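The structure is given below, and queries will be raised subsequently.
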Amino acid sequence: MQVEIEARLNYAFENETQILLALQASQSRDQEIITESLVFEPSANYQTDKNLEGDRKLRAVVSGPTTITYRAVIENHLRPLLPAEGRRNLWAELPDYTFPFLLPSRFCPSDRFMRFTQREFANSPDGVARVVEILDWIYDHIDYVHGVSDAQTTALATFVDRAGVCRDFTHLAISLCRAIGVPARAVSAYALELQPPDFHAILEVYLENAWWLVDPTRLASVGGLVRIGSGRDASDIAFMTTDKPCQMIEQAISVSRFSKQGSRITSP
Amino acid sequence: MQVEIEARLNYAFENETQILLALQASQSRDQEIITESLVFEPSANYQTDKNLEGDRKLRAVVSGPTTITYRAVIENHLRPLLPAEGRRNLWAELPDYTFPFLLPSRFCPSDRFMRFTQREFANSPDGVARVVEILDWIYDHIDYVHGVSDAQTTALATFVDRAGVCRDFTHLAISLCRAIGVPARAVSAYALELQPPDFHAILEVYLENAWWLVDPTRLASVGGLVRIGSGRDASDIAFMTTDKPCQMIEQAISVSRFSKQGSRITSP
Amino acid sequence: MQVEIEARLNYAFENETQILLALQASQSRDQEIITESLVFEPSANYQTDKNLEGDRKLRAVVSGPTTITYRAVIENHLRPLLPAEGRRNLWAELPDYTFPFLLPSRFCPSDRFMRFTQREFANSPDGVARVVEILDWIYDHIDYVHGVSDAQTTALATFVDRAGVCRDFTHLAISLCRAIGVPARAVSAYALELQPPDFHAILEVYLENAWWLVDPTRLASVGGLVRIGSGRDASDIAFMTTDKPCQMIEQAISVSRFSKQGSRITSP
Amino acid sequence: MQVEIEARLNYAFENETQILLALQASQSRDQEIITESLVFEPSANYQTDKNLEGDRKLRAVVSGPTTITYRAVIENHLRPLLPAEGRRNLWAELPDYTFPFLLPSRFCPSDRFMRFTQREFANSPDGVARVVEILDWIYDHIDYVHGVSDAQTTALATFVDRAGVCRDFTHLAISLCRAIGVPARAVSAYALELQPPDFHAILEVYLENAWWLVDPTRLASVGGLVRIGSGRDASDIAFMTTDKPCQMIEQAISVSRFSKQGSRITSP
């Protein structure tokens, strides 16, 4: 499946604002970049960092009203879904780079959920089954609602409030998975069916020697996701980080299936 | 039943420390003070405030190492237990002094639990039945454990951590009751069966035009409680409040059944 | 000075929503109600509670879209300003009803500020001078900014964030005053010069055997305030408390000097 | 200077507890390991991960009462001190691996301190001078006190409470440095003069194209530190992480100057 993306960010920046952008589709193995362009108006110099998994971040210095437009067509390879069963890796089996994703982080204080996960999920088989039970629990107990949470909201608050948006679902799922000893990390993505279109936050869990993408909100299918980057939680995967306050003037994301005739088929 | 109490507080105070003590058994209608004495060593002047419900607070100024000893024999009248059924009072029916006990307070942010109580308890009949369901839920989901909580712990933390002591059980029960529209307040007491003996925190709920004492930890029977005072949460019912830091040297509480022969029958 | 008030609240309520309103000017000794009216559209039955200080709360049951309009003309007596000097009352001298205002509360965790106030304000004379220094410190260190805080924000957050609105200034001032042993309480009011007109939150400190009104934001003069009610913090002085979620459709407050000719003189 | 270390950890573990240990001195360029040994009693299999900077973590599975003893003699090379002046690196100049240390983390929510650092430190020259001013501010405003903080304490709480231990000083220093745009990370170490001897937490700031070690508590000299590892905050640099609760039986750290005669010269 080919996916067409357009992200347009129009912001008013203070003079000489340093920015870090995570806007570009990852050059990871499960997706291929057919075409892409990134344009600053007015123009700006930038440099790009790419990590071992193909995730890219871009640094630039901008001043005043600026529009940043990213356009891409991505070929999504068939992305394997979380298997029906499988076991949790022991620490001795984990690649060392997965360890940070076992530890509590700012929005995912997993150590606080040890007793809850023990009480609630100890009866299901350790591994995929227990992760699936956690995802079901979240889907059954948390309402998808705007306005309850904000950029400071942690998984603790979401667990109490029983409501939130994709970021909050993801943080709670990460916290509960780490609490049962499964590495879990936050992933930012463009998502095909998301209404209204926006940046999407989902997670990956590490089971059976591999990372598996899951969407705890069930708002988007894994096949239609275009990965941008990953990290411990929302702190790491912000689409834009700046060293000075800035103001959004307008922001528009569109994600659609790409047909060869060049006509866009918007998701229903 | 007659209950004999001895509370001995030995503290090192800074010079001219102002203290507020809530140590004395309440002169409320459900209990009668047979004998009592309160002794400061070295001696100190104090004054006593009594509120409309018979709860007493005592103000004094102390300096240096001081021992405060309260001894009392209390006749506990038969205290009615929460009835098997009954309805929640509408706001129009509540005495106005109960309103603060409907509102969120420092350790009982009841507004944060609205969605949870709606989801979890909406199916049981409004009134006594729903309060009983809340108390059962707490008993089933929270472990009585020392060391998880401290003096800053709110009901939010206890709800996540799933563990705490009497103070935490009480704060969570108050929060959930207020969230379903039932006035609830914290009560400090001496308790007959408590092991080890200590000040106990329980709560009262207002239903069917009356306050009813309940112990969410189920560690003490309502009949063996000697009430000291009540308030919004632990902030209000501390046994001692001081205007300067102080240090506990020793503190000992003993509560026992009183027999006429003068011999103390310690609770088993 | 005569002040004319109009508060119009247009809300969509769920069926049979119980509400508690603190909209009416207090019948306190420092202000006199010349005329007033309170109208529900559609009409609703209500009952009014008045406390010893003349503050009124009103209980009603409403359903669907409802407009509540309060209109009043108030004669403000000359309200004495915080005197140039004066001492802090010892606990032995305080009326017992002031004690709750010495204790930490939900949004005003004054116990957490003991070390800061000791370090920062210990050198100024205890009493009025130290309170004035606290008010100056707040004015110098906190920015009046919308959007940093919300309804959950405590004085701890405001102290870190260094920004907030009237409610936050008031919570921080209350916290710091209680931390130095001065009773302090939150007061809701209509305010003459406030731009844009809205409910205002200020505080009262108890010094020299009396309560004194102060506005830590310095946005309104004490003489032009019309008191509604008081409490431990924002939890107690909300203009409306409901037992079910509701939605604001429109809300408009106007406060102006009243001239005998009947023409309104809007504050410049 | 040669430093001799002995760390003995005696813990009771549940059956088959997975542990992650960060006990060994780093094989970083500024220190050289002369001799070392790590012994498990009873014996256990373990594997070691080493990152690019030479920091090591060790994974093992243990059961029941276990003593882990680490002994080492380290040659500390002359470690350069934070220079008297120097400038902050622009984002364009930073190695990409430093970026996570610019972002807020669990115990170091640096985004919350932007306004404070702007107000308090904006007048000093950007770079080393501003970092020094931050370190001075912390030393002047925070008391080194046990018992105020615990393992959940964030830099927000320490900033309010004005007290804490090495971990809290480090978190606050990291937060304030990140808030002014300087990468900062937590470092765990053995420290020569620390009384009583314990694991020490300090930080590194990135300025003038290099990391510089600083101790915001001023309890240990930089020259006598033996680095173990580094990370975003205390979450990353715990000396032991376990997947199940465990109980400390005894723990003893000793750090001393090593003399060739083999006699230990304990720090005064």
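Points to keep in mind about this one:
We just call them A, B, C and D in the order they show up, numbering each chain from 1.
Here, a residue touches a chain if its C-beta (ideal position, glycine included) is under 8 Å from a C-beta of that chain, and two chains touch if they have at least 3 such contacts.
Just so we're clear, the structure is a prediction, and the values are computed from it rather than from any experiment.
Touching chain B and chain C together: no chain. Among the other chains, C has the CA centre that is most remote from the centre of chain D. With centres set at the average Cα position, the gap from chain A to chain B is 46 Å.
Inter-chain spacing, taken between the CA centroids of chain A and chain C, is 43 Å.
Averaged C-alpha coordinates put the centre of chain A at 31 Å from the centre of chain D. Chain contacts: chain B has no residue touching two or more partner chains. Taken as a contact graph, with one node per protein chain and an edge wherever two chains touch, the assembly forms a single closed ring in which every chain touches exactly two others. Chain pairs recorded as touching, per the definition above, are A-B, A-D, B-C, C-D.
Across the interface of their complex, chain A is touched by residues 112-113, 115-116, 119, 141, 143, 156-157, 159-163 of chain B. Interface residues of chain A, counted against chain D in their complex, comprise 18, 20, 47, 49, 51, 57, 59, 61, 90-92, 96, 99-100, 102-106, 109, 114, 181, 235-236, 241, 243, 245.
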